[in-house]
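Sharing a structure below in C-alpha cells format, with a few things to ask.
When the chains are written out, they are named A, B and C in that same order, and each has its own residue count from 1.
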C-alpha cells in the first residue's frame, strides 16, 4: 500500500536534521542559556566557560546517553561541523552588535518556529537513542527506554549537574523531584518507540514518528501561546497514579491514617501540594544540615 | 580429599543468589530507603523518582563497579527479571495497603533473617568483582581490591552521591571521612579474596567464601542484637594505625609538638576525637564559605 | 640535518619521566594537598581517605582523560610501581618523624627544582593525551585539544570535584569561572601540539617539546620567585578578547548601553572587574537559594 499519506510520512521520516533543524535546536538552547541570570556577564568575563556551558546545553542529551552506555562523552566534539555551527550560533547570540539576534528572537513567530523545529529534533533523538541502545542490549527494553529518554531530554539533567558543580544550583529546577513537561513527554515517546521497535505496536515507524512529532509540536506551540505549564498529562497522570498508588486507600481499617491517607482522597493533583511542602521542608532541613 | 566439610562448603559456594538472597538484599535496601526522612512523601508525590532511588539502592554497587571499569552503568537495567523483582519489592514496600510489609519487617527475626541473607550476597558480590576486574588487569591487584570493594559496598557511595545531586546531602553519612563498618569489612574481604585469587593464600576459594560469609553473618547479627555500631575492628585498627602512623611519636625532640603529638600518645581511638572535631570545624568553615 | 641542537632536543624529548620527574610531580602534588586546611588531621584520623585524595591529586589528569574517552578510570591503579611510588611519597610526606620532608621542602631551591620538574611532566602529559586521543578520532582536533588539556591540567578539576563530593567546596578555587594560570598555559600547549600533530606547524615535535618545556619552566620559576599570579598572558588575552568580543562596541547607536558598553571601553582587564563582581553576586544569590 503506497497511499499519499504513507509517502508523506515516509518522506518526513527521511528528512535530514542537519542544517536547519539543528540550527533551530542550537538557537533555542543558547537563548535559554542566555536568559539565565548572569550568563551574559560570564560570557564577557570568561568566554571559554560560557562556550562550554553552551555546548553542554546543545549536546547534553547526547553526552548523557554516551555516559550511560559507556561511550566517550567527548564523541560529540568529534563532529566538527556541528560544533562549529553551535559555536557560531553561541557567538552571534552573545556577541552580535546591538544584540540583534536576541531582538529578532524576542519576536514571537520566530520563537514559535524555532521551538517547533527543536521539538522535531527531539523525535529524531529519541528514535536514535532507542535504536542505538538496541545494538547493545537486544531485548533490554528498559535500557532502550532509558537511553531514548536520556538522549531526548538529558540536556536539562546535564545542565543541572553542571550548575551543581559551578555552585549555582537551583533546586526549583530539580529534575529528580518534579519532572518537567518535556521530560514527561520524552519519556512517553521513548516508551512508545521502544514498543514499536520491539514490534509490540502495529504501526510503522514513519507513521509513528510523524504522529508523535505532530503531537509534540502542537502541544509545544499551544503551551507557548497560552503560556500554560503542565497541560495535557494532568488527567492521565491522575488516573494512572490513582490506579497504581491510590487503590490502597480503599482499605479503610488501617492504623496509619496520618499522611498517607491525606494524600489521595481528594482530586490528587490538588491535594498533593501539602506533601510537596512537607518534602520540601525536609529537603530544607537537609540543606541546613550541610 | 573429599571430606564432608569440603562437600558442604563446595555446595554452599555453588548456591545461586537469584531468587531468595536477591529478594532479601532488595528488601533490606528498600526498607533502608523507606526509613529516610521524606522518602514516603516522595514516593507518593513522584513515584518515578522514588523508584529510581530504590534501584540505586539495590544495584548501586554494580553500577559503581561498572563505572570504574568503564562499562555501561545501565547494564543492570538489561537484567529484566532482577529489575522486575526489585521493582515489585519497592512497590509492595511503599504502596502495600495498611503498610503490611513494614509491619512484618519491624518484627525482629525477619530483620535478622533478611540482614543475614543480604550479607551472604555481599560475599558473592566481592568475589564477582575481584574475578571480573582480573579479566581486565591480569596482575593489577589494586584494581581487583578496588572493584571488589566497590561492588560489595559501593551502594552507599552511589546513594550519597545521588543525595548530593538531589540537594539533600547528609554529611554525617559521608563515606569519605568516616568509613562505615560494612565498608571496612568489605574492604577486608576484598583484600582477602584478591590474595586468594593471586594464589597467595593456601586456602581454597569455597572454604574462604564459607568462612568469610559466616564471619559476616555472625558479626552483622550480633551487631543488630546488641545494637553496637563499630565492634570487632577497633582493636585491630588501633594496633595497625599505631604501628603505621604512630611510631613517629617516639622521636620526642621534635619542634612541632602541637597537634601531631596530641593525636596518638593516648589510646588512639579515644584521643582521635579532638582532631575529628577540628577537621569538622574546618569543613564547616568551607561549607559556610560556599 | 643533524645539528647538535637537534641532537639535544631529540635526546631531551626521549627522556623517561619514570623515576625522577614522576617523583617530583608526586611530591609537589602531595605537598599541595598537605597545605590544605585540615589535611593533616584527616590523614591522622582516616589515612585511607587521605591516601585516596593524594592519589587523586597525583593521577587526576589521567583519570579525567580516561573518563572523557570512556576508558576505565581505575587504569591508573594497574600501574603498581607508580602507585607504590606515589603512596610512599604520600606516607613520608604526612608521617615522616619530625616532619622532615615538609621542612626540607620549605627550602626554596628544593621547591624550585621540584616545580620545574613537575612542569616537564606536564609537557609529556599533553603530548601523550593528544596522541592518545588521535588514536580514537582521526581528525577530531577538538577532541585532541580537550584530552591533552584534561590530562595536563585535569588534576585541579578532579580535586575540585572530589572536594565538592566531600562537602568542602571552595568556590574561589572554581576552575569553571576563572581559569588558573596552569589551565591556561596547558590549553595553549594542547592547541600547539594538536596543530603540530596535524602537520599545521612546520616544527618537528622534539623541538616544540623542548621549547614549550623551557617556556613552562621559565615562567613557573619566575612566577614562584617574583610571587606574581597571572603574568605573561594578560596582554595576549586582552588583545584577543577585545578582537573577538570587543569589536561590537564600535556600533555606538545601540539601545542597550547599560552593562555591555561598560565592559570593554576601558583597558579590558581592569574594567572587567565590575562584571565579575556582578556575576559573583548572582552566584551568591543562587547559593543562598539552595
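We take it that a contact is a pair of C-beta atoms (placed from the backbone, for glycine too) under 8 Å apart; a residue touches a chain by one contact, two chains touch by 3 or more.
The chain list, named the UniProt way, goes like this: A, B, C = Transmembrane protein 38B.
Quick caveat: nothing in here was measured; it's all calculated off a predicted structure.
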**Asked** What angle, rounded to the nearest 5°, describes the rotation that places the Cα atoms of subunit A (Transmembrane protein 38B) on subunit B (Transmembrane protein 38B)?
**Response** 120
**Request:** List the interface residue numbers of subunit B (Transmembrane protein 38B) and of subunit C (Transmembrane protein 38B), divide the shared ones by all numbers used, and answer same when the ratio is over half, different when under half.
**Result:** different
**Message:** Could you work out how far the Cα centre of subunit B (Transmembrane protein 38B) sits from that of subunit C (Transmembrane protein 38B), in whole Å?
**Reply:** 35
**Prompt:** Could you say which residues in subunit A (Transmembrane protein 38B) touch two or more other chains, in rising order?
**Reply:** 70, 164, 167, 169, 171, 287, 290
**Item:** Contact footprint of subunit C (Transmembrane protein 38B) on subunit A (Transmembrane protein 38B) as seen in their complex
**Value:** 37-38, 40-49, 52, 66, 70-75, 77-78, 80, 83, 95-99, 163-172, 287, 290
**Prompt:** Along subunit C (Transmembrane protein 38B), where are the residues that touch subunit A (Transmembrane protein 38B) in the complex?
**Reply:** 67-70, 133, 136-137, 139-143, 146-147, 161, 164, 167, 169, 171, 174, 176-179, 241, 244-245, 247-248, 250-251, 253-256, 259-260, 263-264, 272, 275-276, 278-279, 282-283, 285-287, 289-290
